[in-house]
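In what follows, structures are represented as structure tokens.
First chain A sits with chain B, and in the next complex the same chain sits with chain C.
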Partner chain A sequence: MSKKIKANIISISVSVLLTFLITVLVLLIIGKNPAEVFIMMFEDVFGSGYGFGQTLFKATPLIICGCGLAICFHASLFNIGAEGQLNAGAFVTALVAFALSNAGFLIAVPAALICGFIVSGALGLVPAVIKVKKGVSEVITTIMMNFIILASINFFLIDFFAVKSTVHTEKIPDGIMISKMSDLLPGFQGSSLNLTFVFAILMAVATYFFIYKTKTGYKIRSVGFNETASRYMGIKTNRIVMLAFFIGSGLTSFVGMNFIMGYKGYYEFGFSNNLGFTAIAVALLAKNNPIGIIFSALLFGFLDYGGLAVNTLVPKEIMFVIQGIVILTILSVDKLVEKYYLK
Partner chain B sequence: MNIIEFSNISKKFGNLKANDNISFAVRKNSVHCIVGENGAGKSTLMKILFGSYRQDSGIMKVNGSDVSFNSPLDAIANGIGMLHQHFMLIEDFTVMENVILGSEKTLNIKIDFEESERVLKEYIKKYNLDLNLNKKISELSISEQQKVEILKLLYRNSEIIIFDEPTAVLSPIEVLEFFKIIFQFKVEGKTIILITHKLNEVREISDYVSVLRRGKLVYETEKDILDLKVLSREIVGNVEIQDENTGFDYEGEPEVIAGLNNINLSVNKISVLNNLDLKLKKGEVYGICGVEGNGQNEVINILFGLEKNFTGKLNIFTDKISLVPDDRLKKGMIKEFSVGENLIIKKKECHYISNKCLKKTAEETISKYDVRMPDINAPMESLSGGNQQKVIIAREIELGNDLLIFSHPTRGVDIAASAFIHSTILQQKKKGKSILLVSSDLDEILKLSDRLGVISKGRIVAEFDRNQYNLQNEVEKTILLESIGKLMIGITGEQKN
Partner chain C sequence: MRLFTPYYLGANAANFSERSGVINIAIEGFIIISALGYALFTIFSGSAIVGLVMAVLISVSFSLLFSLFVIKLKINQIVAGVGFNLLMAGLAKFLIVFLFQSSSNTPRFNSLPNIFFLESIPYLGKVLSDYIILFSFALVFISNFVLFKTKFGLRLRSVGENPEAGESLGIKVRLYKLYGVIICGFLASLGGIWLASNQNSFSDGMIAGRGYIAIAAMIIGKWKPVNIFIACMMFAFFEALEISLQISGTFIPSQIVQMLPYMITLLVLIGFIGKTKPPAADGIPY
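Presenting the complex of A and B:
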């Protein structure tokens, strides 16, 4: 096992390094000075509490969503539907929080989160049931579910719940907002970083514990490795598939906490900005290890905010290019490490 | 003339010396058996010969000249072919497509199927392979799939053919057919290297025998002076093989623990179980023998609760059932998990899976069942077949269940581990457990079971109890074995007592 962990660390570091080199090359090709770009990026991210806070803020939902997806991925369920699942969950979270706003923080927030979890989880169950009953690949069904869910949210939002001539719900009162990090650590002044970040870290630890240290987590991994053997070992594999999908999808709804209760106060259509897809990359980079996901989410948060920071020099889209390259390199470096290090 | 020469071949995996200074030669046009326990280094040596591994040191000569293979492609180019234990076939392709894949004969840009078919039909006729070139692999039985692999080797004009435990998946009659193919190979002037565990096979077909033990070549012999007792002693080293036949006695009528009554089952509209009746009693070993694919797996799945779409009556008077499945890799274990992880997954205790708990579970089993492995955290896939099987058996037995199902428990397992597994099964019987033993190895069934049923085409066509077959008279025994053999392939009419 320890050799495997070492191999993982090697392949992740090599691919990050490789990505860096490719990025330098790309910058040179488009006629920019890589040093200038990188210095500006680092100065912005690490030079001020605001920049650093924004980076952590961007990483928060990636940690949360990445952990949810990791549970699915451990069961070998390639859930591409997080984008839809998390939007539905966040939407419901915002509605419930608003409806219960008179009940106070201690009731409204947990209730809203639980309702969001159930809705996201239930939507995750749809592809799970179709897979278990009819053997349809979850890749196809989850992609289709994204279209269905996002269109439905749009319909319900515009027709029933949105504040007139906007695409967002009613703002929840300040009483049920989550504290800004800057309230505790004034250094983060101005950034949107809030306590959801701490929640995300705790969630990653809990997910790690769940996957690697509980019987259920073992069963999920066992089904992921070899479903037939799991069945012959007496594991109710269908139940595990549904459970993994329910919990995994359910957890993605917690991204709403960061945006709604920690930042804007309402659900806004399109807030996720492909978060559900980026999180796939985050989980992949971390090999579905929740602790690793914290770090890969930080890297992606860094690229995300850093891209904004250097927007005057290079288009921020270059960061998407980098994100893509990271994934391609890790997938290929993995194979090399497997061949030359593990053998 | 020596067609292959190994001199001082060594190969290490970590600290384990898989091959330790091995030197011997294989004569042209001979059948050379390489025997040894699991983990003795047979497969490693053959993989070196076939180019899958590279030796750390030592020289290998083929046809008198030094060779160094970087991949199996180099070996194939040198006329070496290998039939692996696990077949390399594409299920959805036809027999012909599988055989020609990779070395297709072409006509302009088209694959020349007519020419291939002509060539292949010649081979099929010459070797009496009885294969339909247009059938898909998924429609074939295991023994037919093996013939497809053999056809592949023929098509590629292999002169030296390595068989890795080829008879492990065959029934006694299919083994005889297989031997005929081997003899035909010899007539054609080919050289055959055979890895095996089964000593009676060695006696039957080998010209030369090399014994490996713990990575070293320990003994060599040849046909005319072959002594199986010496051979088995050389294979296991100093381990005593105890005689298993402890006698079976029970008085009165034991209670029934599970009963299958008039069971019918169809899968994809093909009938697999056909009015099957079976009773398992407390404290007995019931053996089911038969050619593979006659409904054995379905019986197991029904008892274990994995198959529910059957008609008929199933009475099970316990819910504590253990299963050692037939295919370790596919059904028995998670190969990526460590030994401890594979054990703990079925354990009732240990809800929080700590490293301590994992280690303790693994250590207990390792010492109690004499499992040998590189290190305690190593994944199951790094263990040899016999040791993997011991872990699986340990897991199933330690649950303390009432009904234990063993499906081909010693397939691909060496002599010492087989003996261990057999005595474990008998111990469980003594404890009053009910045991269902499914095997295509008739010797194993006869040795262990109190009653045996012959399964053919989805039904038990005959049952015998121990005093019917525990015969001392060799002639009677032979007659009985023959009639069981015939029942297995469904030659005689159905008679059931």
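Presenting the complex of A and C:
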């Protein structure tokens, strides 16, 4: 095992441990018994097929969105716009799926997903083009785009597409819904877990191969590592920046599959609940490694559902605090490991 | 006219930080945490002044923590900023539910005292009697003076433009960056305090992206206090327009007005409306 991999393992485990300790401390400060909280959480998550299913269900969009972001991050593109991109993609996915619902599952679902991908990807291209042509940092543009996209969706949804006096689109027919996991494994009875989870795992594996085993993936990492050197090596860096942004943002749209086709059957404004930001934490914790992202997404899914489970003891909003703490600990522990272990 | 206050405080906060070369995209979080701090301490102590002091202290301590990350540990400022934003927004969400068993807002509390004898002036009374609004107007001159006419400002800017050159002249680069970040925390906290004091309650989502609009105003204002002032006035005008559109219910959708500040910022960044140039060493750890 190379020293670099060892360093990664050390910093990830230390960060998780540190976050755990800080959480315990927070619980003690607010006068709760940490042991009680964690036992209740574990019992709920692992005690029933339902709880476990819900945890996996919550992890699914995080895996998808985390993989998309990882591609951007590997190219050193700090895409904070996932929240907007994935909403736009999911919105279009729902509309297309509904419009094509007579064409049957095999046409409607792929068509809807592809359209969602293109819309999210195209929205990701905007900051990429601005960065390439004008040298403007993608951070600022993606933040601005988030607000613009969400306001636009809100406008189109409420004025044109929403079912009267709701904030969601028309429900797609059952024929183009994705099977619930409980249809195959009755143990998950009642949980919203659906086949999108399997899709997400396959997507993570595919993303892993794309980033680490293909030429394009290599170029993306090379541009992320040192853009100037890559350009002198003959890599068309501008094209790579745009490609990474397009694919990365496009992939985030697939979260719509989990919510729309796997769960509710329609796009609902606010369904993402800051998913695009949580996925940043997921990708960072996994060091942008798609296989690692599966595990960090599971951890966040566990926190998310577990948070709901212990809501009677501690408000579930504590999970937002923990997310912030995870990002900050992984950042600082990383630097310290780099400083004292790798030197 | 009053609506420009939080934007201008936030934009100046961001500007002092960026002038010293530290990008702080966590302005939103700083505003949220100070608004909450003001709310909590005003409610529990019964005194708006205690609330004010504690909110400033909380925001400044978070900015010290932020500088530990970005100046001492040299962590990527943007990633750290995202982390701080999530942490502070999360803390606010959590504390409201935990302390008040309500997921939306705090009980009502007092606003800051006003300058009473000015309150009766017609039209302008509400503006002239508010300390923080008056301070924001004064800030146009104060910021300009501090940044461009004092030794401190010159050093702060040199640290943001070319830290190596500054270092070679004996300027303590990291110390000046620290000053920049602390001033940032202080000004952002005033923005949050004003918002909370003005609404007499704190609710989740009340900041509503004002921290980001402030950053947008700073960019459009080209990192210059006077131009930033104009940009903030423009955004405040949009906000007022949006509110009146919502009330009157005309054919112009309020969402379009809502996104205008961001649209304009994008266009400015692309270069349609004049060129902008950030401090040369902005965002680079030293």
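Going forward, the second predicted complex is superposed on the first by the 342 of 343 C-alpha atoms of A that agree within 3 Å, B and C clash if a C-alpha of one lies under 4 Å from a C-alpha of the other, contacts with A are read in each partner's own complex, and residues count from 1 in each chain.
Everything that follows uses one rule, which is that a residue touches a chain if its C-beta (ideal position, glycine included) is under 8 Å from a C-beta of that chain, and two chains touch if they have at least 3 such contacts.
Quantities reported herein were computed from a predicted structural model and do not represent experimental measurements.
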Fit or clash - chain C, chain B, common chain A: clash
Most chain A residues touched (candidates chain B, chain C): C
First, second, both or neither for A:S179, with chain B first and chain C second: neither
Partner chain(s) touched by A:T228 [first = chain B, second = chain C, both, neither]: first
Partner chain(s) touched by A:F78 [first = chain B, second = chain C, both, neither]: second
Touched partner set for A:M145, first chain B, second chain C, both or neither: second
Chain B versus chain C as contact partner of A:N102, first or second or both or neither: neither
First, second, both or neither for A:N33, with chain B first and chain C second: neither
Which of chain B and chain C A:F277 touches, first, second, both or neither: second
Residues of chain A contacting chain B in one complex and chain C in the other: none
Contact set on chain B toward chain A in their complex: 304, 306, 323, 325, 330-338, 341, 344-346, 350-354, 377
For the chain A and chain B complex, residues of the former touching the latter: 1-2, 212-215, 218-219, 221-222, 225-226, 228-235
Chain A residues touching chain C - in the complex, by the definition given at the top: 30, 78, 80, 130, 134, 136-137, 139-141, 143-145, 147-148, 151-152, 154-155, 159, 277, 280-281, 284, 314-315, 317-325, 327-328, 331-332, 334-336
Chain A partner contacts - residues on chain C that touch it in the complex: 23, 25, 69, 73-76, 78-80, 82-91, 93-94, 96-98, 103, 209, 212, 215-216, 219, 253, 255-256, 258-259, 262-263, 265-266, 269-271, 283
